[in-house]
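Next, two complexes with chain A in common: one pairs it with chain B, the other with chain C.
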Partner chain A sequence: MQELGDFKLPPFFNYPPYFTLQPVRDTREKQVQLWKDLILNYCKTQNIFVIGLEEDSPLFTNPVIERSVSHEAREAFLSALVSDGRAEWMDKGHRKCLILWHRIQDWADLILSFVKENGLEDSVMTVEEIRSGPESQGTELHGMDRTVLMRALKLLEHKGKLAIFKGTPADEEGVKFSL
Partner chain B sequence: MAGKWLPAAELTGSGRPVLQPSEVECSFLSSVDLNCEDNTNFPLFKSGLLILTTHRLLWLPDTTTAAATNSAAAAAAAIPLAAVTHIFTPKKSIKNMFSSPKVRFQVSVTPEGRVAERGSKSMVITLILRGKSDPDAFLGKFSEAWRGRAWESSGSEASSTSNSRQFGSTDGGSSGGVAVRMPVVGVAGILRKEQEMWESTDKSLQEAFQDLNALMSKAKEMVMLAEKMRLKLLSGSNNQTSATNDEEMGSKEEMQDWLLSVGIASPVTKESAGALYHQQLSRQLADFVKIPLEKAGGMISLVDIYCFFNRARGTELISPDDLLQACSLWEKFDVPVMLRKFDSGVRVIQNKSHSDEEVFARIKSLVLEPEALRTGISASDAAMTLGIAPAMAKEHLLAAESKGLLCRDVSPDGFRFYINLFQEINPDDVYFVKGHGIYAAWVSAASASASR
Partner chain C sequence: MRRRPGIGGLQTAAAARDQYRLLGENVAKLRTDLMKEQLVTFRSQLEEFARKHKNDIRKNPAFRSQFHEMCAKVGVDPLASNKGFWAELLGIGDFYYELGVQIVDICLVTRPHNGGLIKLEELCKLLGQRRKSAREAVSEDDCLRAISKLKVLGSGFEVISVGKSKLIRSVPTELNKDHNEILELAQSQGFVTVEEVQRRLSWSSGRATDALEILLDEGLAMIDDGHRDGRRRYWFPCVSSASSYVGADTL
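Presenting the complex of A and B:
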């Protein structure tokens, strides 16, 4: 079976019609479903948060059968994810798409359990520390997208679980947990 | 019941009369009653279609409003023009002005009262024209056909004599003037000279048209010649059965094909059918499409039929619009063919018995072949296997796609169709392939190509 890095591709990745947007409704629904699952799985294992439609993603091209997904079809698959709440367009022109293999709410829960496991209930951390500090090493939070992280933190702030304060340089924002 | 008094007329499946060799239709009239006052037992033929041919007067019951074609075939009647002994000229009277126009003629009958040629007795038959038709024009055509005596002579002669007769009768008055010579004097002389010039141009015009008519009758001769040759070929192949080799037989068959497609001997024209044109054209077309339809496997595109039909008609070409109208009239008649419009807008003629399921089954077995599983099929692949035109094959493939049987692959290599695997894949476990089935067959076919 073909692999992309350490990602194992399903057998139908070699099925040429998989790369052509199907016009018949029932067939198309099934096809879109398979693509949505593949995109989420791939992004999750490869820790990819942003898919650029104009960039050459290995996911949308199969050199073995010489097929690639057209721009229109890519947009259709990603739009389906967006309407499921599993992705968001980052611009009006639909050129970049933020993939949420965990929803924002799920990310927020992950942050809370991380805080509890490390006994950080009342401590202060910078946003950068959460993303790349030694504490988050080995968790899903490590290396996560800053935009997604900020969205999750804001959600928690809204619930009164923490307070975000601005640091002196703009990117040195800090978080005060109060669980 | 009618058969007792009048000879029956044979009809084709679509309700068109079966014509005798070299018989040509001259005029169509709708809503005509046929009656006989001399014979009290004679049934009233009410409100039917009257067709005047060079050989017969045909009366067909109106099938558009009632009754299936089967019962119609039983009731259709014919009066051979050979049996007509006299055509009465209608008297112009005030009484006639208000009633429906009538045409009366005398026919010879056998002592039992059956209409026949050279019968010992005679009786008068009345045609009552209830439809919006021109009785005088019909009467003219009727007597012309009767006097033409086409049933006696061979077809080509008949048409040329009737044509010349037609020209003779239309301007008989003016030609009479040339016979008497007058001295050329004064104003009267100038007028006469003018008149003569008129007449000479008239004459040359006539001659020119006569040439055209001669050409037309030659065309008819050609049709007859083709028919004769075909018959000869047929009898020839029967006599020398085993001696002929395959190649010779093949060329003979081809020759026969060519000759068969030379012509429709009596094409329905606007001139002869008038208001009934599209209706009659529709019926003739239904009879005509049977053979090409069979050859094409039950479905044929409208464009192809347009070509075939016009080629068979020779000079009396019809417009695409007429063809379309004729086809759309089929819904109203009991004919075995129908017009079908695909989603893409392509219009085809197909047998009513033609089933899509059968075609789909053949397409399915085609795409399940190992080679097709791997590379898919194009419209031309399907056309070759199904023995139909590529455009038609594409319509079938698209129809199969919309049924969920196939799905498409558009790539720089072209537009190809594959068996639809999407329904076979389990979305909860995308790596799982069932032990047998279409998906497994495809996986093994695809991996075979990858390992090569």
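Presenting the complex of A and C:
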């Protein structure tokens, strides 16, 4: 079995026809399911949030069997994730895709438990601190995508769990938790 | 002997016929008795043998297969009934029913991948992985026996021969001779191309394409357009033992 860094690739990754989008419905459904699982798993372990369809990704290419997933097939796999609510297209041209291996709601829950564990119930933090500060070290929040983080924070704001405010300098947004 | 006329002659002839009949019946009875006696002896010998080698029969697949063969030769089917003497003595009836259930399960789980056709070796391997905890080893012969027992369910489990290997079919697909030949051809590399089918089997391109399209529709084949020679390859998960690529870990 091949490995990508510390990531263990699934066995189907070595079977050439899985790199061609299958024309027969039942076969394609199975194929798409396998790829969806692989994409989510890979992004989660590698902390990847955005997949660019035109970029060369080790995820879509297997040099050992000399196969690469076609653009059409990549779009089909990602579209399937989008309709599952596990991904979102970032542009109309479907060139970039945001992968939500945790849904926004799940990210929001992670933030809440992070806040509780660190006793930050009514503290103030900058968005950057949440992503890269020492408190989040070792949690899944560390190094997370800013877009996804903002979406999760806005969801929490909507629920009245925190307030987002513009800071100084202007790009340093901050959060006031109020649990 | 001169034929004697009159009633006396007729009576003598009738008496002689009776004598012959009696003698004949006696001989037949003697033979039947002898046969019965032999059968009883044989049966008790077979039972004794089975009792003595009970553990071997249960645990050793090769021995089990030979025992089955021996039973078949004398017309005893130890699997015929689950209540009979044989089942009670050996418990092998249950063994095959259990195998049957597991085989059905494996066929169902791998069906999305292989389209309902699986190599006997592959099935046996997956069965072995699943039964890791069970003490008894399972041979291909056992698989075939368990599958033959599945036939009573009318569920369409069937063993088909393709070239030298055997495949288990669990979907009611009718494979004709053309399909069989393609599967046989695909065994060496796991895939075929239209050109290869035309060349090796001397078919027209229409015949090759038609047969491949049907196999594709049945979910038995997958296309692969990724090779650098640009020729479409038709892969057959059922012969390339690709079930080990997919599904084995989900079993």
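Please note the rule applied: the second predicted complex is superposed on the first by the 179 of 179 C-alpha atoms of A that agree within 3 Å, B and C clash if a C-alpha of one lies under 4 Å from a C-alpha of the other, contacts with A are read in each partner's own complex, and residues count from 1 in each chain.
We adopt the following convention: a contact is a pair of C-beta atoms (placed from the backbone, for glycine too) under 8 Å apart; a residue touches a chain by one contact, two chains touch by 3 or more.
Worth saying up front: this structure is predicted, and the values here are computed from it rather than measured.
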So, after the overlay on chain A, do chain B and chain C clash or fit? They clash
Review point. In the superposed arrangement, does A:Leu38 touch chain B (first), chain C (second), both or neither?
Key: first
Touch test for A:Gly85: chain B only (first), chain C only (second), both, or neither?
neither
Task: Considering only the touch criterion stated at the top, classify A:Asp26 as touching first (chain B), second (chain C), both, or neither.
output: both
| query | Counting only touches as set out at the top, which of chain B and chain C does A:Asn14 meet: first, second, both, neither? | reply | both
**Message:** For A:Gly52 in the superposed arrangement: first (chain B), second (chain C), both or neither?
**Reply:** neither
| request: Identify the partner contact of A:Val64: answer first if only chain B is touched, second if only chain C is, both if each is, neither if none is. | output: first
Both chain B and chain C touch chain A at residues 10-12, 14-17, 19-20, 22-24, 26-27, 30-31, 34, 66-67
The chain A residues in contact with chain C across the complex are 10-12, 14-20, 22-24, 26-27, 29-31, 34, 66-68, 70
Chain A partner, complex, touching residues on chain C are 112-113, 115, 191, 216-217, 219, 222-228, 233, 235, 237, 240, 242, 244-246, 248-249
Residue set of chain A touching chain B in the complex reads 1, 8, 10-12, 14-17, 19-20, 22-24, 26-27, 30-31, 33-34, 37-38, 64, 66-67
As the complex stands, chain B meets chain A at residues 376, 401-402, 404, 407-413, 416, 418, 420-423, 425, 427, 430-431, 433, 442-443, 446, 450
